[in-house]
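Here the structure comes first, spelled out in C-alpha cells, and everything after it is commentary.
Lettered A, B, C and D in written order, each chain numbered from 1.
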Amino acid sequence: MPTLTYRDALNQALREEMQRDPDVFLMGEEVGVYQGAYKVSRGLLDEFGPMRVVDTPITELGFAGVGVGAAMVGLRPVIEFMTWNFALLAMDQLVNSAAKMRYMSGGQVGVPAVFRGPGGAALQLGAQHSQAFESYYAHIPGLIVVAPATPADAKGLLKSAIRDDNPVVFIEGEMLYNTKGEVPEGEHMIPLGQAEIKRSGSDVTVICHSKTVTLALKAAEQLAGEGVEAEVVDLRTIRPMDTDTVLESVVRTHRCVVAEEGWPFAGVGAQVVDTIQREVFDELDAPVIRVTGADVPMPYNKFLERAAKVDPGKIVAAVNQVLYREDEA
Amino acid sequence: MPTLTYRDALNQALREEMQRDPDVFLMGEEVGVYQGAYKVSRGLLDEFGPMRVVDTPITELGFAGVGVGAAMVGLRPVIEFMTWNFALLAMDQLVNSAAKMRYMSGGQVGVPAVFRGPGGAALQLGAQHSQAFESYYAHIPGLIVVAPATPADAKGLLKSAIRDDNPVVFIEGEMLYNTKGEVPEGEHMIPLGQAEIKRSGSDVTVICHSKTVTLALKAAEQLAGEGVEAEVVDLRTIRPMDTDTVLESVVRTHRCVVAEEGWPFAGVGAQVVDTIQREVFDELDAPVIRVTGADVPMPYNKFLERAAKVDPGKIVAAVNQVLYREDEA
Amino acid sequence: MATTVPTPARPRPRGGLDPDRADVYRDWLRQMLLIRHFEEKAGEAYSLGKIGGFCHLYIGQEAVAVGSLAALNRDDYITCSYREHGHALARGIGARTVMAELFGKAPGGSKGKGGSMHLFDASLGFLGGHGIVGAHIPLATGMAFAAKYRKTSQVAVCYFGEAAVNNGAFHEALNMAALWKLPAIYICENNRYGMGTALERASAIYDISERAYSYDMPNEVVDGQDVLIMHAAMERAVERARTDKVPTLLEVRTYRFMGHSMSDPIHGHYRTKEEVEDQRKRDPIAVWSQRLIAEGLLDEAGVKALDKEVIREVEDAYQFAEQAPEPEPDELYRDVYAEEKRET
Amino acid sequence: MATTVPTPARPRPRGGLDPDRADVYRDWLRQMLLIRHFEEKAGEAYSLGKIGGFCHLYIGQEAVAVGSLAALNRDDYITCSYREHGHALARGIGARTVMAELFGKAPGGSKGKGGSMHLFDASLGFLGGHGIVGAHIPLATGMAFAAKYRKTSQVAVCYFGEAAVNNGAFHEALNMAALWKLPAIYICENNRYGMGTALERASAIYDISERAYSYDMPNEVVDGQDVLIMHAAMERAVERARTDKVPTLLEVRTYRFMGHSMSDPIHGHYRTKEEVEDQRKRDPIAVWSQRLIAEGLLDEAGVKALDKEVIREVEDAYQFAEQAPEPEPDELYRDVYAEEKRET
C-alpha cells in the first residue's frame, strides 16, 4: 500500500471524487492559483479548471453561503476554510442555513456540501489562529462533524463526506498535514459515524480524535512500558458519535480518559463524559478524567504555548489518576 | 418591595447604570425610536438622547465590533442583539476580538462591554429564531456568561455586568420578559459567578438556568406532592460556574438532574455533568441525567414545538429516573 | 334613411399596453388581488390564534412579486426573506398549501415545520423563505453559480428588503456575483423601513441602487407600485442575466401598508398615520385595475368578478388549512438528516 | 582684479518641499530606513527560528505608515492588520519592544503573548495588531464613535489591505461611520495582492476608492510610494475628520516587495520575478532619499549616516530581544480576565 502524507491523502480524495462526479467542485481562498494555503488542493486547478476549483475573495460568510446555495440546487460543493478560525464569520450560514434547510423545507431541500479546512493550534500562531471548534458544530442537529487522525482515515472519510447528502463539517488537523501513513488506493471509503480502536488495551480507555490520537498513542507506548495497557479509541466522526464503540471499550476497561485539543467548558469531551456516566455508570471504577487545552486564549510565546497544549505527558498523568497511580505520576 | 416584570427590571438596571456612569451607552437594532423590539429599552432614548441610545443598521458583526472598539478605549457599551440567534453573525467579534483582546495585548487593553438580548425559544418562531447558545459563549476563555431567571436577578446581574471590566454575554429569557417578581429598588447588585438555591430539598438536585428555573420549580412542586423534595439550583452565571454551590448540593442529595433549553450535544449541562462526576463521583447514588431541548431544529407546528421543548413533566421524569422511581413516572 | 350618430370616442390606449396580452394583464390583477385577500385572511387567522409566531404581511407590495415573477421561467430559482407569502402565491404555489403551512398543518409546503417565514416548493424552484436578514443573498449567488456551472440558461432571483443592503452578506454576495458574471437578479424591495428604522437612519446613501457601482453591476430604480413598470424592468434584468450573463440590482420603490409583522402596529413611533394614508393612495391594485379599465381591457364588473373569484379561493384555502391534519408526532425527528443516501 | 566665475546653478527646489521642515523630512527617511532594516532583521531572525508563527513583513510599504502616521496627534487611535511592524515603529514604539514581542519575550509590548500579529501600546493609542482580515475595521469605527461620544478632537485610523475591502466587515463599518459622521480614516493599503490573489481576481471593481461612494464618503487614491504625497493626503483626511467630522477612505497604491509572509516565496504561482523587480524600481526609500538629495536637503553621506544609525538601533533591538527573559510560566493564566474591578 502506498505511503502518503495526510495532506496528499486529502488531495487524492478530492481528485478522485472530482473525477467521479462532475457536480463536485472546490471553492475557497487560495485553493486554485496558489495551490492551497496548506497545499491540500495542489494540482487541482490545472486538472479541473477554474470553474471547478474556485478562488474566492476573503468572504467566509459569503462563499459559505454560495456553497449552501449551490448545494440546495444539487451541486456537491467542497468549501475550504483556510482555517476553521475564520469560519466563525460563516457560523450563521452553517448553523442557520446549512443545518436547518432540510428541516425547514419539510425535507424538500437538502444541503449536500462539505465544509473543510484545518483546525486546532499549529505553532505560535497566537490567540486568533489557534482554536479547535469541533464542539460548536457537533452541537448542531443537521450537521455531521468529522475529524480524521490518519492519512488513511483522512482519505476514506473525505470521500464519504463528499458523497453524503448532509452538510458535513470536516476538520483537518493543521499539525497532521505532514504526517505519513499507508493509504489504500482508489475506492477507499470509511463510513461516517464509526469510531476506531487505534490500539487495544485492557486497563484504561483513552478517547480522542484528530491530533490527540497521535498524542494518546505516544502516551499508550509509555504506559505500556510501565505495564499499563491503554486502549486508544479514535472517534473519527464527532457527530453522530459512535457511542457503542466508546461504551463497549469502557465496559471492558472500567476506566476512561477523554482528550481533545480544545477548551474544557462544554467541549466534545464533556459530551463523551456525559454519555459514559449516564450509560455505564456502574461499570466505572473511577471518574472519567478529561485532558484539554488550557482554558486560556493561546499565547504566542513557545514555552507558554507548549504548556497550554495537550501532550502525551498530560494524558499519562490523567491515566495514572483514573488508575489511582498518582504516586507514580 | 415593588413588583416588576423581568423586562422592566432590565429597563431599570439600564436606566440606573446610564444615570450613574456617563460612559455607559446602549446600542443595537431598534433600541431607540422603536423603544426596543422587546421594549426593554422603553423610554431610554427620551431620557438619554440619540448619542447614548443608538439605533444601528442590521449589522450584527459591525455593531458588535463597534462596541468592542468603543470599550477598548474606555467606554462601557451595552450592545443589544435583537435576539441571540442573530448574534451568530457577530461570533467572530465576540470570540476573536472581545474575548482575546486583553490577553493578546498582554493585559493592556480590556473590553468592558456587555452583549445582551433574548435567548431560547419563544412560541412558533421556527428553526432559525428558536435557539439557545449559552454553551457557545461559555466555551470561550475571556468571556463571562450570565443568564438570569427572575426579575430581581435580571436587574442585579445586569448592573454587575455593566460594571464588570470583562466582556459579558448576558442572555435574557425571551419567554421571561413578562414574568413578574419583587425587585429591590436602587443599588441592588448580584455578584457575577454566584449560583442560587431557588428551592431547597434533600432528595435530589435540579440544576438549571434562565427559563428552565421556572420549569424546575414547577416540577419541584409536583414532586413535593409525591413526597420528593427537590433542590433547585439556579446557576445564574454560566461562566465562571459556581461549582461550589452545585457540588455542595449534590453532596447533600446524592442525585442530580441538569436541565437546559438548548441542544444536548456539548451543551452547558454536559459541562455540569463532567464537573459533578469528576469532583464528587463517590457521592453519586445514580448517574446524572440531563433534560434538554430535542436534538432537532425547532419545528414551527405548535404541537411539535411543545414536544421539542423542556417542560416540568420531563424534569419530573428525569428526577424519577435518578431516584429509580421509573415505575411511578 | 340612416342618420349617422357619432359613436363616443373610445379612450385611446396610452402606450405600453398590448391588447393581445389582455389575459396576461388581467391575470396580474388577479394575482395581486389573491395576495391581498390572502394576506388579509392570514392577518385575521393570526388574530384568532390559528397562525402563530411571526407573520409578515405583503400588503402594499403585491405588484413587485407579481410583476417580476411573471418574467421568469419555470426552472429559474427564487429565494426570499420571511416576507414571502406573496412571492409564493405569485410563483404558483397553491393558496391551500401556503395557508396550511401558515397554520402549521401537515399538507403545508414544509409539512407545517417551516411556518410563515420558511415557505418552499422545490418543484417550482421556490427555495425559501429565510429568516436571517441578508443571509439568503449569498444563497442566491450560489444558485446563480450553479446555473453557470451547468451552463443552463437559468437565472437566480433574490428578494430582500432595503435594510438588508447594509449587511455584510449583501456586499460579499454581490461582489462575487459581479466578479464571476453570474446570472443573478437582486431585487431590493425598498419599502422605506426595516422594522421601525427608516432607510435614511440606516443607510449612508438614499439611493440603494447606487450600491451597485461598488461592483460595477447594472442597476435600475423601479416603481414597485406599477406592475407593468416592474415587469418591464424585470424583463430587462432577465435578458441581461440569460443573454449577457451579468447580474443586476433592482431597487424597487414600494411601501408596506401594514406593520412590520402582525405584532407591530400599522403606524407608531416610527411613522405617522398621515404618511401611511398618503402612501395608500398609490395602492398597486388600484393603480393597475384603473389602468386596465382606462385602457378598456377590463370593466368594473370584470374587476368585481376577479375579486369574487379570489375571495372564494382564499376562503377555500382557509377552510382547507382549518381542517387539515396536524403533522404526525414522529415528524419531530424526521428531515433532520437525509433518510437514504444518494446513489453513487 | 577679480574674475567672476558663474557658480553652478543650484537645482531649483521643485514645489512641495519646505526647507524649514528639513529635519522632519530627514526623520521620515530615518523612520523608513528603520522599518526596512528592522524587517530585514526580523526575516533573518525568523529563518534562524528565533521568531515563530506567521511573520508578515512591511518591506516596500514603508512610506504609507511613515507618511500617514506623521499627520496624527499623540492621542489619536490606530488599528492595523497583522502586517503592522512598520506602523508600530512609525508610531514610536521602541524597536527593542517590538523585536522582543516578535521573539515572544517578556519585555515585548504584549509580554510575548501576542506576537508579530498582535502588537499593542495603549499609551500611544496603538491598539493592535489584528489577525482576522477585516475584523478590526469595525473596531476603528467604534473608537471613532468614542471620540465623537466624548466630544474630543481625536481621530481613529484603520489600516487594512485591499483584500479586506471585499469583506462584509468593511461594508458594515464604513456605512456606520458615514451615517454617524464619525472621525475615522480608513487606509486601504492596496499592495495588489491578498496572499496569492490579485486585486482584480477578488474585487469586481479595480478602483477600491470608488467603494466609498456607497457610503457617500470622501475618498482619494494616493501614491503610497511617495511619503510626501502620502502625508499630504493624510493631512487632508485628518482635517476632514477633526474639523468637518466626516470619515475618509484612502486607497493607497503600494506594493509588497516580499512574500505574503515568511513562509511564502517572493514570487511564485501568482506573480512573476519581473513584476516584482519592476515594482522595486519605485522603492519608497530610494524615491525619498533621491528627492531629498535633489532638493539639497541631504547628501549621500547624510543618507549613509542615517542608515548606520538605524542599523545600530536594529542591532541593539535584536541583542536586547535575544537576551530578554521568557515570560514567567504563570503568565499563561494571567490577562484572561481583569485582575481587579474598576472603581465604581
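Quick note on the criterion: a contact is a pair of C-beta atoms (placed from the backbone, for glycine too) under 8 Å apart; a residue touches a chain by one contact, two chains touch by 3 or more.
What you see is a predicted model; the values in this text were computed from it and never measured.
Enquirer: Farthest chain from chain C, going by mean C-alpha coordinates, please.
Expert: D
Enquirer: I want to compare two interfaces, B-D and A-D. Which one has more contacting C-beta pairs?
Expert: It is B-D, judged by the count of C-beta pairs in contact.
Enquirer: For chain C versus chain D, what separation do you get between their C-alpha means, in angstrom?
Expert: 49
Enquirer: I'd like to verify one number: the distance from the centre of chain B to the centre of chain D, where each centre is the average of its C-alpha atoms, in whole angstrom.
Expert: Taking the mean C-alpha position of each chain, the two centres sit 42 Å apart.
Enquirer: From the C-alpha centre of chain A to that of chain D, how far is it in Å?
Expert: 38
Enquirer: What whole-number Å value describes the gap between the mean CA coordinates of chain A and chain B?
Expert: From the centre of chain A to the centre of chain B is 30 Å.
Enquirer: Which chain A residues sit where two or more other chains touch them?
Expert: 56-57, 59, 61-62, 85, 89, 92, 96, 103-104, 126-128, 141-142, 295-297, 299 - these are the residues of chain A that touch more than one other chain.
Enquirer: Could you check chain D for residues that touch two or more other chains and list them?
Expert: Where chain D meets two or more other chains at a single residue, that happens at 110, 112-114, 118, 130-132, 166-169, 172, 175, 179, 201-203, 336.
Enquirer: Please give the residue numbers of chain D that touch chain A in the complex, ascending.
Expert: Interface residues on chain D, with respect to chain A: 52-54, 104-105, 110, 112-118, 130-134, 163-164, 166-168, 194-197, 201-203, 269-270, 326-327, 329, 331-333, 336.
Enquirer: Considering the complex alone, what residue numbers of chain D touch chain C?
Expert: 166-172, 174-175, 178-179, 201-205, 210-211, 213-217
Enquirer: Once bound in the complex, which stretches of chain A touch chain D?
Expert: Its residues touching chain D are 29-30, 33-35, 37, 55-59, 61-62, 85-86, 89, 123-129, 294-297, 299-304, 307-308.
Enquirer: Residue numbers of chain C touching chain A in their complex, please.
Expert: Within the complex, chain C touches chain A at residues 77, 79, 108-114, 118, 120-122, 127-132, 135-143, 145-146, 148-149, 156, 168-169, 172-173, 175-176, 179, 334-338, 341-342, 344.
Enquirer: Contact residues on chain B for chain A in the complex?
Expert: Those residues of chain B that touch chain A are 61, 85, 88-89, 91-92, 95-96, 99-100, 103-104, 126-128, 131, 135-136, 138-142, 239, 262-271, 273-274, 277-279, 281, 284, 286-290, 295-297, 299.
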